[in-house]
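Just so it is clear, A, B and C label the chains in written order, and each chain counts residues from 1 on its own.
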Amino acid sequence: MRKLDNTNAKKKKTGFWSTVAMTIGPMGIWTLLFFVFPFIYIIIVSFCSLDQFGNVVYEFSLKSYETLLKPTYLSIIFNTIKMAFITTILVVVIAYPYAYIAARARKKIQNLMIIGIMIPFWVNSLLRIYAIMNITSQNGIINSFLMNLGIIKEPLQILYNTPAVYMGFVYSLLPMMIMPLYTSLQKIDPAVFEAARDLGASSFQLFTKVVFPLSIPGIMGGVILVFVPAMFNFYIADALGGGKTMIIGNLISNQFSVAKNWPFGAALAVAIMLFSTLIIVIKNIISKRTEVQ
Amino acid sequence: MKKVHYGSFLYAVFFLFLLYTPIVVMIAYSFNNSEIDVGWSGFTLKWYEELLASSDAGKAVINSLIVSSFSTVISVLLGAFAAIGFHELDFRGKAALDSFFYIPTIVPAMLLGVSLLMIFELLHIPLSKATIIISHVTFCAPVTFNTIRVALNGFDKSIEEAALDLGCTKFQTIFKVILPNIVPAMLSGGLLAFTFSLEDVLTTFFVAGPSDETLSMYIFGQMRTGMKPTLNALSTLWIAATVAIGVLMQMAQNKAAKNTAN
Amino acid sequence: MGNMIELRGVTKQYGDVTVVNGINLDVREGEFLTFLGPSGCGKTTTLRMIAGFEDVTAGTVVINGKECNNIPPNKRDVNTVFQNYALFPHLSIRDNIAFGLKIKKLPKKVINEKVDRMIKLIKLEEHMDKKPSQLSGGQKQRVAIARSLVNEPKVLLLDEPLGALDLKLRKEMQIELKHLQKELGITFIYVTHDQEEALTISDRIAIVNKGNIEQIGTAEEIYEYPCTKFAADFIGETNLLKCKMLDIVDKTSKVEWQGQVLEVYNNPRKYLAGYNVYLSIRPENVHFADCISDFNTEKYNAIEAIYDEEVYIGNISRHILHTSDGHQFKISRFTRKGEHFERGQKIKICWSKKRCVIVHDEGGGPTDEEA
């Protein structure tokens, strides 16, 4: 009897492993080969240096990280973080009222407002950027409209500066903030609003003491979806900044496409990856805290 | 039931107006006879003709279709198998592996592209459509995996037991009961993967060979050199296609919801 | 008639937790047997071991004379009706019912005939091309039953199949199920926690508690002659007096309660002197001594109780009292006009020595001796 049970268990075990190999195996191997392995490699390369022919020398070196600390590069990193930060704040400020109105509207209007946000989101983000360039260019519809009205005589230079880059980021990242915000605002029981009112809260207090705290998980969800892309999306900086605004995305991209300095590019990537992880960790801490409350 | 303030109504309308104006203007201009974008100078289809005549654009479309189709099919297969495995098996560290599989979609696309480029060069793999496909699958498979897994999570375990009870082997259960029920999820996951693949610039930029320009890369290149009416036409076509895909996706999801509403 | 299912010392353990504790059970061919017990008592696990969804930790499951411990569910001659129906959402009603036959690769003509007959039997002809999501709960349940029955299993296992239905529909389905079973002559094993359902539907009931079968018998047997405290309490309502067994003289068992000797005539089980037992008296068998014309201590046990309150439920009144040891005592009797008692009033209550049973507590098995 005991023996029989044993063979049975063994049969089950082999069945288990062959099922694993057949089902989860391919995905696991793929992830290992094309995700884990490359990331280990990029970390290794970031601690290497270049010889005079531009080949990677596989010896431990902190040269790339030293380069990274040079004022020129530090200022680009700092500028990237600053831009991503400002972009995030702009997006929150602009997205919040819309998400709030949508969450509090009647079901039908709610659906309309959300579909209204999602449709442009389906359009390729490159094309959306191109569309903005289209109407804001020297002879675009905005300039010609203003000139026809006689408000301005010369076309305005809207594109190819830092505000244009902000405009592009905000425009393309708005839905990323609206969706999580809307979801968290919509979850608030309408009775909570009435209860707060009943207990004597003014509109302002209702917002600061009830609505805003309850929407923090949503904001945090959106921050990740906005902040990180805003550091990397080099084509927005490229196309709308006219090459004058450098973010870390451009810098890394240059190391691989033009300068061919892999160790430095890798070091930048590792550094910014650590920074992104930090952001995610902070986000998780804040969300956990607010959830517990 | 709730009071709608005129203020909030205006805000919402103005918001959507700003969101849509650039796209609507772009679509309108794709039919505009004038080369420079000032004013309306009559309806034309010449930009579409020029676009269709352009061999570069045509090649980019074909490249994109090849890359995205292969990426989608591979992603759906990988994702479906893995999701079924997760559904059928229980083992220690399952939850950890689950979230691990999802990381490639959270990691900034650009870093994925850069690290894959380095690996390809290290292993002397020449950049080609294949390298683009490999890269796309890496961030698309987690999406299909997740979509199918969510669908299977809502799938009643006793339905599988019923199949066993009625004489199915474990294998037959997967093919006769589980697979038919995750087809909608495979479709919507696949469409999601397809659009992600089609849209991608930040990864493709690094892993594409010189003659393997995808549509996104083509648009990126065109944008850098300034405004072109053919790009308006291309955008319009793209928007039409993505809206069609989006509608399809919604339909697939609705069908899935209807089936699982049982 | 032979035994269709035999369970011999069937045990199920999850780690250190014993869910089913060495159950022995014979289910006769063509019988409608119900596992009745509270949730978590192991009744569903036992059913799932018969179906083959759960491995048996110890003991054997014999189906139709064949040991089945290592036979997978798809090879067993039993079919299951699941609590939540478990219909295949992607298949039409027709294809759901035909599923098992198609797996067995029967000829198309045979499949069609059998499925048609089954659909007719469950009266869902108009709905046969619909998807499960378009049916009501009762219809889904009928499909689930038909899907199993069409395979002509030796045994049909039903796991709280009516649990999701509303009360009215449940009552209708109970009767329908009972008719169906009689008509087809298939052995049914039914799991429920609803005692009324069990009483309505079953030929025999197995009372399951904490992984053990406490009693098996017809509804009447269990109601009239429960053998454990749990069985007495779970089916219907009862008053339990904690007693000590004294002795048995002729056919009369004597117990001691609060210093008073109570007698039971013809108790189905004989207990050894000195053991702790309970005396179970159904509320409808208790009377007020003053209201009975032929009251005498020869025929009746009588005790004193203190009156608490009356609960009026139509033609029946329930009187709540408590005994000197502080336990509640319930009496139910037809409502009589003008009958009134004061709270705190001492009343002599009595019951026939033929209408009470001595039972043991769980785990009290060894203390008794079979009658």
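The rule we apply is simple: a contact is a pair of C-beta atoms (placed from the backbone, for glycine too) under 8 Å apart; a residue touches a chain by one contact, two chains touch by 3 or more.
Note that this is a predicted model, so its numbers are computed, not measured.
**Q** Could you tell me which pair, A-B or B-C, is linked by more C-beta pairs in contact?
**A** A-B
**Q** I'd like the most central chain, judged by C-alpha centroids against the all-protein C-alpha centroid.
**A** Chain closest to the assembly's C-alpha mean: B.
**Q** What's the distance between the Cα centroids of chain A and chain C, rounded to whole Å?
**A** 60
**Q** Using mean C-alpha positions as chain centres, tell me how far chain B is from chain C in Å, no decimals.
**A** 56
**Q** Please tell me the distance, in whole Å, between the geometric centres of chain A and chain B computed from their C-alpha atoms.
**A** 17
**Q** Which positions in chain B are in touch with at least two other chains?
**A** Expected reply: no residues.
**Q** Quick check on the complex: what are the chain C residues that touch chain B?
**A** Checking each residue of chain C against chain B gives 51-53, 72-75, 78-80, 82-84, 86-91, 99-100, 103-104, 131-133, 147-148, 151.
**Q** In the complex formed with chain C, which residues of chain B make contact?
**A** Chain B residues touching chain C: 156, 158-159, 161-169, 172, 176-177, 180-181, 183, 258-262.
**Q** Please output the residues of chain B touching chain A within their complex, sorted ascending.
**A** Going through chain B, the ones touching chain A are 1-2, 4, 8-9, 11-12, 15-16, 19-23, 25-26, 29, 36-39, 77-79, 81-82, 84-86, 88-89, 91, 97, 100-101, 103-104, 106-112, 114-119, 122, 134-135, 137-138, 141, 145, 195, 198-199, 201-202, 205-206, 216, 219-220, 223-224, 227, 231-232, 235, 238-239, 242-243, 245-246.
**Q** Chain B touches which residues of chain A in the complex?
**A** 16, 19-20, 22-28, 30-31, 34-35, 37-39, 41-42, 45, 94, 97-98, 101-102, 104-106, 109, 113, 116-120, 122-135, 137, 139-141, 144, 171, 174, 190, 228-229, 231-235, 238-239, 249, 252-253, 256-257, 262, 265-266, 269, 272-273, 276, 280
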